[in-house]
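I have placed the structure first, in the form of structure tokens, so that the comments after it can refer back to it.
First chain written, first letter: the chains are A, B and C, and each begins at residue 1.
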Amino acid sequence: MTDQGRPPLLLVALLALVPASFALKYIPASPLWLFLTSAGAVATLAEWIRRATEQLAKHAGPAIGGLLIVSFGSVAELLLALFVLLSGQTAVVQAQITGSIIGTSLFGLGLAILVGGMARHRQTFSSSKASLLSTLLILVVIALLLPAVFDYTGRLEGYGHDIRFTDEQLSQSVSVVLLLLYCGNLGYTLITHRDTFADEESQGNAAWSLGLSIGVMVVATGLIALEAELVSGVLTQTATALGLSPTFLGVIVLALVGTSADLFAASWFAHRDKIGLALNICIGSAIQVALVVAPLLVLISAFLGRPMNLVFHNPLYLFAIASTAFVVNAIARDGETAWFEGLLLVGVYILFGLGFFFTGPA
Amino acid sequence: MTDQGRPPLLLVALLALVPASFALKYIPASPLWLFLTSAGAVATLAEWIRRATEQLAKHAGPAIGGLLIVSFGSVAELLLALFVLLSGQTAVVQAQITGSIIGTSLFGLGLAILVGGMARHRQTFSSSKASLLSTLLILVVIALLLPAVFDYTGRLEGYGHDIRFTDEQLSQSVSVVLLLLYCGNLGYTLITHRDTFADEESQGNAAWSLGLSIGVMVVATGLIALEAELVSGVLTQTATALGLSPTFLGVIVLALVGTSADLFAASWFAHRDKIGLALNICIGSAIQVALVVAPLLVLISAFLGRPMNLVFHNPLYLFAIASTAFVVNAIARDGETAWFEGLLLVGVYILFGLGFFFTGPA
Amino acid sequence: MTDQGRPPLLLVALLALVPASFALKYIPASPLWLFLTSAGAVATLAEWIRRATEQLAKHAGPAIGGLLIVSFGSVAELLLALFVLLSGQTAVVQAQITGSIIGTSLFGLGLAILVGGMARHRQTFSSSKASLLSTLLILVVIALLLPAVFDYTGRLEGYGHDIRFTDEQLSQSVSVVLLLLYCGNLGYTLITHRDTFADEESQGNAAWSLGLSIGVMVVATGLIALEAELVSGVLTQTATALGLSPTFLGVIVLALVGTSADLFAASWFAHRDKIGLALNICIGSAIQVALVVAPLLVLISAFLGRPMNLVFHNPLYLFAIASTAFVVNAIARDGETAWFEGLLLVGVYILFGLGFFFTGPA
């Protein structure tokens, strides 16, 4: 994708969405157009950040480079969620987190396996990496279900307001543990067991200068913040205009906007018979949303005085996240993929899409 | 089992159950006798269909033959469920679907592993096939739990009658997706990846003529429909006579009647050290019930104006189906079986049998 | 650990806790001190029993020896739970059972993997044994969730007091099935498939005489019973003194006391690069608690006229047990461990610890 480091023309052209969305903000236009342009701008900028990080990683060497790629990999999701949260739509944030996880793991990975399996009998990948990702997905399920089960238990046992600690306090403690475990994971994959987990892709020389890489990252991140604010501002009106619930918009549309850079990269790598990288990108992105973005949102929101907790009240979210972990585990286990497995992942994604679509309001 | 294509005498003798059940219908006899003879007739006819399909498959060549075997494999379950449904006993149909899944995967497979493991230290099978079956079982769990979680979510969020789409509409959409995924699975196992998934058993020449094979299939299917109607008609009285709940009758007795042909075939193959085929029959049958029979029932029932949905209200059903998937996954993972694994599957089946027995009414 | 059979001085010194705790019982002392000394005495005596059993096993030969090690492996947990049960604190017993399962499988195994992985890149173990243990863990989950789902179903369907059989009767039937399955497991691992599952550790000559081994076992078991009674007597006061709920004390503190001998042994073996043995001890201990201790408690309590059932009303317990099975499955699957997997297990244990800590009363 970045063979020569020169971005394709389309990606340059799509940058026009940034000024377009700013213009639409001040021209009294339909909120739907503002949503479309700003959401498109977020997706475009996320792809620019992905490319800039890749270049920067080549300057920085493997360990720090890996850390950079990982750290900036979810910056679009984080900023998007943060502005939705600041605009007071906590339910939409939970929808977006759920949607990112199932969007990358089911739809993104499924599409990549389909694309990669079109012309090939089967594709293979290193099973030790897939095994680690699968295990981390189980951790994700536990971490995201725990606060809900805790909350349910508390209400079942009738503690109510007598409860010693609130959902917020548990969510914050859980978040700290998750961030620490994620740091442990970084140390494991980037330092102590680098040989097993290193990506062959990060080799080669950088095509962009150090200054250009950093510059693109900083500017694109700043612009994503502005665009994310635009998106969150017109969310409710867009949902009304499209006849959808804000929940469905969050779990399907917003989530795909935030992760579209990953989805494209995954299908591209699968097409080039690098299904292991595709798996890494998709499941890695889902894991990062759960183990980094969600905990950071909890801690930042507490710091900003509008505490958000990790109690997912919607059973469909919890069921979707748990199902994702199990179906990905089943598929990744044997170190091989074929087109039907991709179809199956996309099929499960459509099943959940139907579920979310039908739970919307009348 | 069909080495010479000549059916064993017992199977011919059991055909006497067909006229016997018709006679009992018009002679004022105990409903229990009518139930026993007609249920026995269903099981016998299902075995005849299984043999006829096998012969027909040999005439038809591998791809079409495989399709035939798969399509007619669950015809007994489908007809039985359809007549129970038409007689208005929707709860019993859900019991029967659950019972078929756990009956074949736990009891049928467990028995086959025990039979096969009696004289041998361990038996091995192709793990790529087992892996696909395990993955499909996870899909089954997701597909059958989704409507229940959806329904629960809807009631939790208090949509009530404001809900945009009903359980029926979600169930019908889910059914269409499942049938499409199942078609994808057929294309995968019978066409594009035939080499990996072909059964060695379907080789050899047909012992029955084409006409005989088709004739037996048509007549036996017609008779099963008549017998299924008899069975569903005396269900409630039989349950009362035996002091059992209709639920228990559906989940254990009816389900075993519908799948008994598969159960016998599986144990027979395991005995001949073809545990892979036994696994294929048992898990394949469970998957077909969930991905073909259940969706078809939803769509046919909607067409007939008595819509049945996939919302399994009984948590024990959902728990039994999910547990089955996980325990089969655990056992099939390593490509080996030994007698204790069979005992364990049968033990889990007994645990659920106890659960269903005890939830019956006083 | 028992290379020369001579116990380390510390273990001899710790026996002083036995008279100390008896003395504190009659001297009006703080209940906290009585709790600490008697709990310490239980842990010490459990380690003495473990060593005596090991010696006895060497006298008895492999099959009977294995049976002895297994039978006496959970005697401390059983006695502790029995006395807590007899003092009427059923909820604490369920907490202790849950705590033993997650304490050994998450904390104990996690610590062992961390200890073993400190100096090594990775450790490997026989995957056929790990596979059996993982499968049994799935059975544990099913067995412990079934009564709760049954109870929930019964209340949902509104049977209430019309229900034919009570939770007690289901729990007792389930217990009998579990004990039979466990006997099957013993026959499988100790007799028919001994070659696959034999521990290399049980070889070598006994360092203690037959009489000494039996003597230590009998005396230590008797003393544990007395100490267990002391522990259960001061439980509520200790919880109050520490500002903890009795539940938290049961699920974390009591459980670790009962299994501490296993935890130490596991870390010791992992340190000596015998991670397979560590896995066997930790998961084996969890399985025994669920398949032997819990069923025995149900049957003994019924016999004593104070029936305890297996209905775990606290959803956090059920969630913790199910999560443990899945995360251990994910880690044990590949037959390899590295330090991060240990960290992850300990991290999940801490997550549940937080959950249990926060559900306590004000």
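The definition used in the following text is that a contact is a pair of C-beta atoms (placed from the backbone, for glycine too) under 8 Å apart; a residue touches a chain by one contact, two chains touch by 3 or more.
Keep in mind it's a predicted model, so treat the numbers as computed, not measured.
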item: Angle (degrees, nearest 5) of the CA superposition of chain B onto chain C; value: 120
item: Same-residue or different-residue interface between chain A and chain B, half as cut-off; value: different
item: Euclidean distance of C-alpha centroids - chain A vs chain B, Å; value: 40
item: Per-residue multi-chain contacts in chain A, two or more chains; value: 333
item: Touch list for chain C against partner chain B, complex; value: 127-128, 131-132, 134-136, 138-139, 141-143, 145-146, 149-150, 152-154, 156-157, 159, 162-165, 169-170, 173-174, 177, 180-181, 184-185, 187-188, 192-193, 329, 333
item: Touching residues (chain side chain B, partner chain C) in the complex; value: 121-122, 313-316, 319, 323, 326-327, 330-331, 333-334, 336, 338-341, 343-344, 347-348, 350-352, 354-355, 357-362
